[in-house]
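The structure that follows is given in the form of structure tokens.
All chains are identified by letter, namely A, B, C and D, in their written order; residue positions are counted from 1 within each chain.
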Amino acid sequence: MNEFLQGGLYGGGIIVAIMTSLLFVLWTERKMAARMQSRIGPNIIDPLGFLQAPADVLKLLQKEDIVPEKADRALFNYAPVLGAAVAIAVAAVVPFSATIVGADLDVGVLYLLAAGAVGVLPVFAAGWGSNNKFALLGAMRAIAQSVSYEVPLVLAALVPVILTGSMKVSEIVTFQQNHHWLIVWPFFLGVPAFVLFMLAMLAESNRIPFDIPEAESELVAGITTEYTGMKFGLFYMAEYLHTVIASAVAASLFLGGYDGPFAPGVWWMVAKTFGMVVAIYYLRWSLMRFRSDQLMALCWRWLVPTGVVLVVASALFVVFAG
Amino acid sequence: MAVSETPPVVAPAPSVRTVDTGTNFRHPLYQVLLETPGLTVGTAALDDLMTWGLTNAMWIFPMATSCCGIEFMATAASRVDIDRMGVIVRATPRQADVMVVAGTITTKMAPRVLKLWEQMPEPKWCIAMGSCAISGDFYRNLYSVVPGVDTFLPVDVYVPGCPPNPEALMHGMMRLQEKVRRQRKGENVVPEVKPELLKITQPSVPRLTDPSRPSEQSHQQELSSDDPTTTEETAALVVPAGEAPTLAPLVAADFEGLLGELGVATLPTDGPPIIPLAQHLELARRLKAIGYKQLVTIAASHWPAGKGRKGADAAEVEHYEIAFAVRTIGQGSRVASWAVKALPTEPVLTLSGIYAGADWQEREQFDLVGVKFAGHPDLRRIMLAENADAHPLRREFPADAHAAPWR
Amino acid sequence: MLLHFGPQHPSTHGVFRMDLYLDGEIIVKAVPYCGYLHRAVEKLCEKLAYVQLTPIVDKNDYVSPMTNEQALVMAFEAMLKLEVPRRARWMRSLFAELQRIASHLLAIGTFSLDLGGALGGGSTVFIHCFRERELILDLFEDVTGARFHYNTHTIGGNRHDLPAGWGAKVKAALDVIEARLPEYGAMTLENRIFQQRTKNVGVLDGELALELGITGPNLRASGVDHDLRRDAPYSAYDEVKVKVAVAKAGDCYARSEVRVAEVKESIRLCRLFVDGMPEGPINSGKPTKLPVQTKIPVGQTYVGIETPRGELGTWLIADGTQNPYRLKIRPPSLHSLSALPYILPGQTVSDAVAILGSLDPIMGEVDR
Amino acid sequence: MTAGLALLAFLLIAVAVSGTLLVVAKLLRVVSTKHEPLKEQTYECGEVPSGLAWVRFHARYYVVALFFVLFDIETAFLLPWATIVKEAGATGLVAVGSFVVVLMLGWVWASRKGALQWQ
């Protein structure tokens, strides 16, 4: 029972911290996008427009709730909650410092992958439940995409597992603390695996250039087409949560997690995560998006074999050189 | 003259809507709080907070149809950047707060606009951007244009201009914010009136019967058309010596030969040669064979019986004249053009078997002028609604022929 | 599955509707519907006097209003056998080329928006294109006082003369645009994702394009070397040598390629026109006190010019009065859209957006 | 087991936090008083939707599902081995390697058959 309470305490803290950081992430993204487009971005609302995200949330809270007449009400209503919850759930096993971790599972990596895979269910529930053709197309795309990119994601995540010999995320970080960050050595495995992991993670969380389930120039707003108010807000939030948590996971698995000199570990973790988030947004605001079939071809023809080769190579490295 | 589809249920011209006491929606929490004694301070603070959120995160649903849509995009671009106010553009009505009607709304589009408006969640506002959305501009009396979106939408802010500058739209957004703030405080907001600019945008159309236009003025203008008065000369207006304007003639040399073979001897100087209906397809086929590969245009015109028409032969019967133009490709491109005359009962054979582009062109001429093309694969209306029963470019069709709800 | 794509849709460039019959994501059949912006311009033109028509046609192709006016007044001038002063002709060509740059910038921008989305790289290109387009709008504002809908062409010449020092401003703006073009190239034509999305998508056969009456960049992208500026010169184009950009493939990529090449060529032409701008009067029209005094003798004519979207023509039937008897405007975009039923089947929904964007239709002139 | 309890707490909080937002929204949001039939109609660009969106979808998605099952089973088999690569040593490597080779042969065959072409 103690563990339950302790987990709840840590979990609550982590969740609140992540949710709060979202406001900053949102602001960063809008300002960054504006800079990249020679604009200014939100700045009227108060100095620097920092309270833009709270204003958005306050507004979304007040909007009327519309359920389309032909929608599947249960799916339609509860998909957003599930979507946001699943997005947060991934963060449970990420160690933000040596002590701050929601639940340090022995099979942490497996849990990460499993929780990530569940993420497609609310998306599909939303798309199917809306009974809207744009949403349905988005949902079908999301399913195909998530299911396909699951494979390279698992393969890429296997590389740190093989190299460190553990599925416990905190042990992977400790290993990197004692040896090297995986991206530094063996770099010929770490760098490709890191890139593969990030690509697959982007695809899983539907960010550009992999955001075809939500492609607003084709599918209006994709799966969220029929959602109003805070239900849409939850999907919107889940999208950002995915990005932040994917960054945190990548930082833990490949960039040494909370490892770093001079400052307490948690700051390093925050800095690395934030750096990854900025990189993702940089990609987002400078690339076009793929077409769904190109995305699938990219996955099955290039990423999957690359992942298999990486897994075999890292096993060879561990057995013969390690 | 029902040229529009089944018109939408037109809402009565709405009076000003307030957020809290509006008739369209209610606020359950506020009502509970307001009825609880001793909570005034807290309620006011909550209300302020909520208003702050509402006014600073107004997401736009762009009902951008035409020119104003381009200026609307410019508002989102880097020079003005409406994102500074926290405004982002959502493509679905479900997530928007403000509908910006930017551009002309036609009677065919109006039911869709109304539906999209209804599909937006409350609280919602509407901005009419540009003179077309405000009043219909100079299209306002025409058969296919809605004279202002406030005939069926509750407009909150008018942004006049043709098109309004991006800065003007931004100002419109600020006016909307101010309006919402004051409404939420329970202040009496002066209803937004149609800008007086409307009078300027009214066209000086001599023949268009606009009830607000004094009839004497139109009459004067009609009279003065034959008035030989000239204005003061301007010094700059001296025609310099130079070559005559070079414009491609409608009858090129190789085309002339072809016409001779088909037995058309007399070529008119002021227009395309008139071909007998029977030879129409043959001519097109041969023109295509000698290099006139591109279909340029098909222009049909309606000629009512000559009697009563100015300068027309009284014996002339009602007919259509359909002109066709094709073009050679590459250096020294020439236009060849011919016309056929057809009685309203006579079918004109379709050109779409020879030039694929004639498909849509003939549909358009059928739709607007009323020419029936025989053998056309898909002779549906293209511009007007499918259930329209008039052909507006026929001469007897009045220009100010609005369908019933927009009159 | 039948999917109504439009009339209100972020990527239909206005109010255009396609009914897409889908099998999964593949389009089996596409039925386009237009007319949602049918503003009855041709009927209005029959009711108005000749000199009142330029502001009306401005709104047809609202992305390049200058060329609309030009096509109209050239038809009137042809019927009146009215000669336009050389300076006015050069000014018209300069305006048209500037307008072409502005219009193509918008086309590239909105095409990227279709491919990249409003919340992605597409909007970055889009907003940068708009930034450059503003430079040209400023130039026009200097001359005419309007950002668009200029109403500057009159029968026999131009209404507004060029202000002092305007040529230098034009050149400065052109330098900026030319310097920034490679930036867009890196984000569009040279970008691997952009190429994957556009190459071999929406291939339009040259012969079919000719039959459909498709003109302009869309035709030249299908390998047909045809440009009215060179092939049937008007205004000042008989005095300069226009290099015509032609691409073979006929796909969306080729259409973008041609547009970018045309922007470069237009920059060169603009410099020529600014440098060689002759002195002299800008109008040869007879001044009249009332609009209704301008009458055109009985007859018919057709005049077509090369606008950014292709051949914009005016078929004018005059009956000797102050109003046209019938004025048919030949919109290039309508012909471009008529290719959709031929090239959409077999493509995916994503491609439909790309194809529509690459054809660059303007609904104002499609529906009129 | 201890970590499992902590995880349970974490998940509960995650659901609670996102649920709370909806509850707050339910308290704060406005309620429409007028019943507009158009409001609840499915959005489809302003047109009346033709039929439900619940349609049968293309079999292509079935192929992807098959592939996913194949490869996910593979990775599921790899996971237990991944933690003990060093202990399993060369023997394990050979065993797993042959398994992977057989699987990738299947991949090569499928890609040559064109099954990986999406269209």
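Keep this in mind: a residue touches a chain if its C-beta (ideal position, glycine included) is under 8 Å from a C-beta of that chain, and two chains touch if they have at least 3 such contacts.
Just so it is clear, the structure is predicted and the values come from calculations on it, not from any experiment.
Chemist: Could you tell me which pair, C-D or B-C, is linked by more C-beta pairs in contact?
Modeler: Answer to which pair has more contacts is B-C.
Chemist: Which whole number of Å gives the spacing of the CA centres of chain B and chain C?
Modeler: 18
Chemist: How many angstrom lie between the CA centroids of chain A and chain C, rounded to a whole number?
Modeler: Averaging C-alpha atoms per chain gives centres 44 Å apart.
Chemist: When the centre of a chain is set as the mean of its C-alpha atoms, what distance in Å lies between chain A and chain D?
Modeler: 13
Chemist: Do you know which chain C residues sit against two or more other chains?
Modeler: Those would be 1, 3, 7-10, 24-25, 118, 127-128, 131, 348.
Chemist: So which bits of chain D are touching at least two other chains?
Modeler: Residues 28, 30-32, 39, 41, 43-47, 49, 53, 55, 57, 61, 119 of chain D each touch two or more of the other chains.
Chemist: For chain A, what residues touch not just one other chain but two or more?
Modeler: Residues 37-39, 60-66, 133-134, 140, 216-217, 220, 225-226, 229, 292-294.
Chemist: Chain touch graph shape: choose line, ring, star, complete or other and state it.
Modeler: If you draw each chain as a dot and join those that touch, every dot ends up joined to every other.
Chemist: Give every residue of chain B touching chain A within the complex, in rising order.
Modeler: Where chain B meets chain A, its residues are 25, 49-50, 52-54, 56-59, 77-78, 81, 83-86, 90-92, 94-95, 97, 119, 121-123.
Chemist: Which bits of chain C are touching chain A when the two form their complex?
Modeler: Against chain A, chain C makes touches at 1, 3, 9-11, 24-25, 112-124, 127-128, 131, 187, 191, 193-194, 196-197, 348-353.
Chemist: Report the residues of chain B in contact with chain D in the complex, numbered from low to high.
Modeler: Contacts found on chain B: 23-29, 50, 92-94, 112-116, 118-119, 122-123.
Chemist: Hey, which residues of chain A end up touching chain B in the complex?
Modeler: Residues of chain A touching chain B: 30, 34, 37-45, 49, 51-52, 54-66, 216-217, 220-221, 224-229, 232.
Chemist: Touching residues of chain D toward chain B in the complex: what are they?
Modeler: Result: residues 27-28, 30-34, 36, 38-39, 41, 43, 46-47 of chain D touch chain B.
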